[in-house]
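Chains here go by letter, A, B and C, matching the order in which they are written, and residues are numbered from 1 within each.
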């Protein structure tokens, strides 16, 4: 039985919220909050329904014809549902956080409208079943994030927005060209079709490689792979919830997810290996990992450091994909989820420090652990996860990636992993040291840059609880990795689907 | 066609050409407008001779009377108050511009001539057999050159009207006076009259508002009134 | 190509209701316009009420065409035959005209009330009526005489409308436009004269059978092409376009950019496909000019400081997209599939652009009206004060940039596919560069509007419906991208 309404409704919830929010007046704060939260919860329920359907072996499809030979198709498959789950879970958290964060500031209607649109696009990306549909949501994501990046309206924000558009729109054009070339070659090609593009290998080898380069090149901009990463650190001027969303879920993950789709569902992993593109990709990913970490060390402000850390971490996903083996794949897919949870925690923490104490620079963080214990614990969990220490979720992915590399006999990848973990430790441990072991304003030494007493607890409740939740989730994803429906379990299910048809 | 008829036709063609040239290149505007009326009147006669009485009537009404009125309105003859009257075009064009326009007109002449040669094959052997047609081509070439050359709005408007008449003449020459051709020409006359009326109103209004009687030099309208 | 324009014998006679619908569609806008000149409507609702029968006639015709694909009418008046045809393409264009015309008419009372236009305001109505009737006639007519009449009526009405604002700059620009349009129409007439002299007939269907390629066809096509290109503001004959729009009233600009220019382009394509079928150089020339147009128009829009100039220059670039398609439609040795993709893409692009451009002019007009400033810098802070106008501008610009899910995107997709199939890489490059350029100039607007640091101005409140009308048009352009299947399917029915 095909429940076509399910993917459609899941998509429609956030789209509808966008429309309603734009229709409501700016002052209707309560109504907006309630609608936002209700929709976020409804979406989680819908995604859970989809997960259960997929687990039971159904794949719900919604489709209609756009023009002759081109269809708009939404399909809930295992990989898509995984990403949809991540985005809808983090949407709820980020929305709660954003409501607290933007308390009393201007232009909230615009912010939440585009925020919902952004999440709708992410969900569309997750559920789209062919490149045409994917492209629609991919560009929608670009457009809907622009107002979020320039939200504050300062010169710096506007410049960042311009750079962001330059990168992403050019990438969109490249992606469009690749897609059109592919459609002219093969006609419509569903992500779910069993046969890859292997039939075309003999006659069109060059063209296939070119198309692959165009597609992945276009996607790599959003995935912030070096040297196409320039927009990401600049986009840090956006408000903290936006950074969290951009870096943890929507934009960078959309790029990485697109690359996953291209390799696994469009070309097929065997064909990709045959074309020799995976090795190139592995090298590019490794360079990105190392370069991102090195640049992170050089940053003196908290958010840019996290941004470069993102650049580095997202490429783990790409690296895992290009390892050609079940363990690499599991590592990559699990990292997609784990990194999202951990990074969103870190950005929430950074936002909390900035809001409550006015901390932007790392050297201002001395002794903040005493003043804001929960936030600092959450930050510690996220940071340790990023480094890859057990029992946080990050450990699991690094472990699987390592095994994958050894199985694929690409030992240099192990070296890259070790090096990267070391570098991660080098830029996170000093922060933890400052948080917990240095004496600061909380011990009566100096002053916080701009302290506000936002709540009864260490900060405003809206800001605190989402962060606590995501921190617990990253911890739980590591501790309970063996449980059914854990990220690792689901990633394994997807990978098995790929390798054991 | 009989020979005596040809003589009259040739005479008409000559009159048309002379009137058109005088109208196009006379700097004294009132005189130019009078030449235009003479030209239109000759056109009426030509239509009559070609066996299109209705067309002649239309030309008389639209071409001579109504369009003529438009021109004199644009000149400011009918407004007795202090608003300025247009008398002379005192603008002088640089030689380079004139030469460029001459080349344009010549190129045009060659192109249309070639087309006519293909449409009416016997033109090759005896070009003088169709004097009105020949006059039409010459008038069009001159009028186009003048339209491109002049900057004074009224003179451009005159050039446009002459150009239109030349085109009608050519149309009648190549297609005869079939109902379809007559219909096309009548519509063309109406449009030319409506256009002239609009342009005459505009010229007056522009003169009234700004004292401008030309379009801006580089093609952009002058941004004076905000 | 000919059958795509519905130039073949139909097998069905039109029904009585269809006759009436035709009469209403062609004459009622004119009559309503005259009526409104006598009794100028102060509110939008009488306009809405009056527009209903016109829209209904369009729907009746659509239903009729959906059933029988092609309808033809022919009359003989004083030895001159007049022929009309209604196929899927023309009925779609007719619907487009009626809807955009209706939107512009609804928008007008608010505009007239807010800008205190004086006595000239009431003349807008009859001109608008003439314009819409003439446009409807252009989509339907199949003989050169009727086309000539309709083209000239449309042109004169358009000039008249653009002049109405009465400012000196508008008058100067309008005078130029008038003179150029008149000369353009003479070039067209001369081409028609050659055709009539050589082949002795004016009906397109008959001409399509007798025309053979030769000097006459070439010269006639060149004359007609030059005249129509001048009227359609095709590059490099676009110079008159932006000054004309700079001072015109908003609904006038919307109608002009959305429809008037397109009508000339439609005629150009139709006549060339008869006169110059399967030629190599002529469509190539247009395509090369189109590429220049994309770049030049984009740069013009990018460099300008005035909002209206930006919107008008973007029209030049957008027409470039359509020009680039000419070799695919008219050139030799194009596969059937590529040609049919290009054909669909062409019309989808044209329709999408028409709706989006109309919406964009209205949004720009609203912004200018509300802020009282016509420069981009004057928009600072408008994202907070005028979110709806800006949103409309944004939605319309999605179509112009050709980003999904708009009609512009679907059209571009079809065109790209056709170009890739026929290996026209230059055209592909032009299309993609055009996308980036249009994004560049459009986001300049947003950059200014998101600026929060500028001082606050006084904002004039707008009439309630003005933003909603524009929003509807913009949404139509957007949704047309996803629902492109329906119009294109209708167009498919007409042929093989």
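Note that in this section a residue touches a chain if its C-beta (ideal position, glycine included) is under 8 Å from a C-beta of that chain, and two chains touch if they have at least 3 such contacts.
Predicted model only: the values in this text are computed from it and were never measured.
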Common touching chains of subunit C and subunit B: none
Innermost chain, taking as reference the mean of every protein Cα atom displayed: C
Chain whose mean Cα position lies farthest from subunit B: A
Whole-Å gap separating subunit B and subunit C, where each centre is the average of the chain's CA atoms: 31
Rounded Å distance between subunit A and subunit C, as computed from the means of their C-alpha atoms: 43
Distance between chain centroids, defined by C-alpha means - subunit A, subunit B (Å): 71
Subunit C residues touching subunit B - in the complex, by the definition given at the top: 78-80, 145, 148-149, 152, 156, 159-160, 163, 166-169, 171-176, 178-179, 182-183, 185-186, 189-190, 192-194, 196-198, 200-202, 214-216, 219-220, 222, 239, 243
Residue numbers on subunit A that touch subunit C, as the complex places them: 22, 64-68, 70, 72, 106-107, 109-110, 132, 135-137, 139-140, 142-143, 146-147, 150, 152-155, 157-158, 161-162, 165, 169-170, 172-173, 176-177, 180-181, 183-184
Residue ranges of subunit C touching subunit A (in the complex, touch as defined): 344, 383-384, 387, 391, 398, 403-405, 409-410, 412-414, 416-417, 420-421, 428, 432, 435-436, 439, 443, 446-447, 450-453, 481-485, 488, 492
Contact set on subunit B toward subunit C in their complex: 111-112, 114-115, 118-120, 140, 147, 153, 156-157, 160, 163-164, 167, 170-171, 173-175, 178-181, 183-184, 187-188, 191-192, 194-195, 198-199, 202-203, 205-206, 209-210, 212, 215-216, 219-225
